[in-house]
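Some structures are shown below for you to check.
In the two assemblies presented below, chain A is common to both, partnered first by chain B and then by chain C.
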Partner chain A sequence: MKPEFAIHTEHLGRIYKVRGNRREKRQLKERVALRDVNLQVPRGEFFGLLGPNGAGKTSLIKILVTLLAPTTGRALVAGHDVAKYPQSVRPLINMVSGGESSGYGLLTVRENLWLFAQFYGMDYRTTRTRIDELLEIVGLKDRANTKTSDLSTGLRQKMNIVRGFLTDPHVIFLDEPTLGLDVGASRDVRQFIRNWAAAKPERTVLLTTHYMAEADELCDRVAIINAGKVLDCDSPANLKRRLQREAIFHLEVSPLNGVVHGFEHLPGVRKFVHTPGDGKSELELILESDDAIGGVINTLTTHRARILNLQKREPTLEDVFVDLVGMSLAEAEKNG
Partner chain B sequence: MLRAFQRTFFPAAWLGWQVESNWTDPLIFFVFSALKPIASVMILVFMFNAVSRSGTDPALYAYIYLGNALYIYVGAIMAGTSYSILDDRERYRALKYLYIAPISIPVYLLGRAMARFMTGTLAVGITIAAGIVFFKVPIHPMRANWPMFFAALALGVLCLAAMGIILGSITLTLRSEPWFLGESVASALYLFSGAIFPITLLPATLQPIGFLMPMTYWLELMRRALLGSGSASFPTLAAYSNASLFGILAALTLGFGLLAFILHRLFDRIARDKGMIDAQSNF
Partner chain C sequence: MDRGWRLFLRTIVARAYPRVVGQQRQRTWIFFETFLPFVAVSAYVFVYRALNAPADYIGFVVMGGAMTAFWLNIIWSMSAQMYWEKDNGNLALYIMAPNSLMAILLGMAIGGMFATSLRAAVILILGTWVFQVPFVVSSPAQLFAVFLLTMTALYGMGMLFASLFLLFGRDVWQMNTMLQEPVYFLSGFYFPVKSFGFAVALAASIVPMTLGMDAMRQLTFSSGPSIGFLRVRVEIAVLAVLSIVFITAAKYWLDRMERLAIQEGTLTDRRR
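Showing the complex of A and B:
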């Protein structure tokens, strides 16, 4: 019987023990990376994990790919317990982490890829055709016989992406795969991943990102994760629809004259994010209804703040994040 | 089973050979694999020349010289294997990808050990040749018992690889200074192997370590094979026949092989608990 879920976690938790500094007498401190994570990803789904730095995305992936032991709870991938039967999980999965350059510098691109294909027991012909195919797609074909050490970081990352997809995994884990790639390359990679997933309905993708647009564009469903907790999990459209009744406004103000603190108490203001900028401040407001904007404008004018621009817009995943976490992704990253 | 072994072992050995023997720069490769070991035995040669004026047996000179030349294998295979896994983790950042692949890490390390054995053989061979040609070490290749030599070599390589797998598994769980482990153990065991002086010269409480270490029996067998059984040697193992030395070495190899299997599983669990498989140590 084929397992219904490609990924299934129950009360999954992970705590790191970190050694304190001298003043803390080098005692072991606990840092919670994941708490009570319950996720079900059906086979064939393109699933996203969206969260700021330090949210626990990489930790979750590391547990699912058998690199890291969970502290509590359990995780099944393709129906197998990752902690108990890692050897049953490994042939079915692969992983790509972005923003790092891995690989053996003395080997050529083709040799690096060939090596990993061997470890998965792939035969000569399949290996050759797949390497050629994938190198072509990511635009590395003419570099196949270049030593990896002579590649730029971005090109090495493309090689790493090919390594991940080369083995045609049932479930692929992509940890910020476009991190460090330029705009064009990121777009190509996203396009490639989407096509890859669409080509066979049973292929499952778990992608982590802190780019809202990436999650929105690619994922069937997204889990929003912050400080180790999954706050919400749904399709991007449904997540945004929850904010449909709310009104989202974007304001540019100069000078702000310290008004921001007054907003918390204004009726109808659910959440707001303030981004100070050059000579002007930007405000994102999530209001319970359009009416509340009147109060906001009143407060601004009584404080002699000048409104440069006011715009109502459609909710984005960024707004969903603000609504759930109480701050923007950028702020969460600063605090994390 | 066998297929799984092959698809891991051979690519790993190939990889090891590619990354450890840097043929893009043969000169540097030569310097590292030959000049360094020769420089280190030169100290020994000078020391011995100073001592032998007082009338030490030149046959014993060959015995000691060989012990040191062959001990290069210990650093190359045992310490080398534990470096391989750290190199994979920290220099190539590839260990996590190896780790999630459907391979057995001990088999992978055995493959890497095989590559270390091949590059080590170059160093050992050059050192012995240099001994014969430049330092008047009385070794006569024509008189050597080659079948015995290769049998002992094969057992020794397996045993050193098993010890390397143990050290490699331990290094993965160390938070600081993992790079020193392999080298330190190789240097420490040098004193307990009878490479340069008989282990019976050690304090009585430390002697059992020497008798538990496979290098002790392995070096004796290798020297007997190359020099002939009757030639001068340390008295420590003189009473043992070749067959019993082989028996002990085989038993120790089996023991260390099993130990490697068990300890790998144990330290592998610790490494995953601590999240060390893709960690960067503070080096």
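Showing the complex of A and C:
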């Protein structure tokens, strides 16, 4: 019987021991990458992990693909414990990471793909057929005999995508697969992944990304992760719906200085993010109701800030993140 | 999909492929790996000629020059290889695939051995032709056995180094440089190792090239047996033992490295 969950984690934690600075060379410091992560991803789901760089997404993926041992708790993939039975998990999974430079530059695209298929024991005929099909789909067929070292970053990432899907895994792990790609290449990659997942209902995808729109567009459910902790997990629509009671405003104003701190105490202001820009400041505001915008405008006017643009808009996953973490994704990345 | 020994064999063939085919595509090897060693060989030949050394010594140098290709392959393309594989992200893909890492190492070794044999053969043929080396093969069967065992032990050592050198990180480059010249000297690439005396020659025998070349010299030159360090049969036995020891140790360290990689999370991460 096939397991109900493609991925199942219970109280999963991971602590890294890292060396201190020169003075503390002998002392090992502990850095918590994951704490008490409990996730259930049913078979056939397109699941997203959304969080800033350093949130713990890659650590979680590494545990699930058997590259890293958990410090606490356990993780099951396709019903097998990843730490105890990695050999049972490995034939059923594959992974593609963004900015990957795997393979050998002197080999052609087709040769590199054949090489990695062999590590999974794929026979010649199946390998050839799948390589042809997948290269056709991602638009790389005419480059099949090009040396990998001669490919652009986008084309190389398309080859990596084909490498990951070539083995027809039960569960595919995509770690920032569109990282560093231009808009067109990212769109092609997203389209390919979506079609692949839709082709067979039991295929499961776990995608990590810090592109909110990507998660919103692709995922059935999203877990928002920050500082190693899963803060919330639901469908993008449900996550955003929780914010629909609030009013979300985007303001562009003349550069703000000290006034930024004043917003914290205004009645009705739940969360705000200030992004200083070139000759202007941008404010994202989550308010308890539309009425609270009056107080914000009064404060801005008192401090002689000119309002250049004011928009009320529908909540996005970015707003959900701000609501849960208290800062924007960019700020979270800056704070490490 | 294949499992067990069929997957093991597929992995060996696949990993040998970039060595056998890929490396031939980089035409610079003809200059760097045959012409440059040939220049070094020529220098020694002229020194021996100036000293009126016996003709066999010219042959020792040509044979040594051909064998340097294997030692260079061991330190730069075997020992350092796993580190490069880690750096470009291949190591993580190797570990998370259902194949055996030992098959990856064997594929690297067999592919490297094949590609390097081509380079060594070019140096040997060129040197023999240019310097008119007088080869007298006393036992082709023993010569074949010695060569095969030398390669097995040598590449077993390379596989062991490949696992161990993962620990050195970026220092692997210095480590290789440190190993290159001293081994040329201690293994007697250009002269009989017997001239070191018993103790030093014995210590140098830990590198399979030492006894391998000594035995090959004894089997291919008329003066060979008189300058041999140990009897050929003894050297064959020691090479067989070294083969087993190095391959077993390579397997042990590889398993240990994989466990360490998974526990510490340091060996598959390019940022660490």
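The definition used in the following text is that the second predicted complex is superposed on the first by the 332 of 336 C-alpha atoms of A that agree within 3 Å, B and C clash if a C-alpha of one lies under 4 Å from a C-alpha of the other, contacts with A are read in each partner's own complex, and residues count from 1 in each chain.
In this text, a residue touches a chain if its C-beta (ideal position, glycine included) is under 8 Å from a C-beta of that chain, and two chains touch if they have at least 3 such contacts.
In this text, all values refer to a predicted model and were calculated from it rather than measured experimentally.
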Combined model on chain A: chain C and chain B, fit or clash:
clash
After the superposition on A, what does A:16 contact: first (chain B), second (chain C), both or neither?
both
Looking at the overlay, what does A:69 touch: chain B (first), chain C (second), both, or neither?
both
When the two structures are overlaid on chain A, which partner does A:100 contact: first (chain B), second (chain C), both, or neither?
both
Looking at A:121, would you say it contacts chain B, chain C, both, or neither? Reply first, second, both or neither.
both
After lining up the shared chain so the two structures overlap, which partner does A:90 touch, if you call chain B first and chain C second: first, second, both or neither?
both
Contacts of chain A common to chain B and chain C in the A-superposed view 16-17, 59, 62, 65-69, 87, 90-91, 93-95, 97, 100-104, 106-107, 111, 115-116, 118-121
Contacting residues of chain A [partner chain B, same complex]
16-17, 19, 59, 62, 65-69, 87, 90-91, 93-95, 97, 100-107, 111, 115-116, 118-121, 163
Provide the residue numbers of chain B that touch chain A in the complex, in ascending order.
3-4, 7-8, 10-11, 14-15, 18-19, 22, 24, 92-94, 96-103, 175, 269, 272-275, 277-278
Any idea which chain A residues touch chain C in the complex?
14, 16-17, 59, 62, 65-69, 86-87, 90-91, 93-95, 97, 100-104, 106-107, 111, 114-116, 118-123, 147, 167
Seen from chain C, its contact residues with chain A in the complex are 1-3, 6-7, 10-11, 13-15, 17-18, 21-23, 25-26, 88-90, 92-99, 261-265, 268
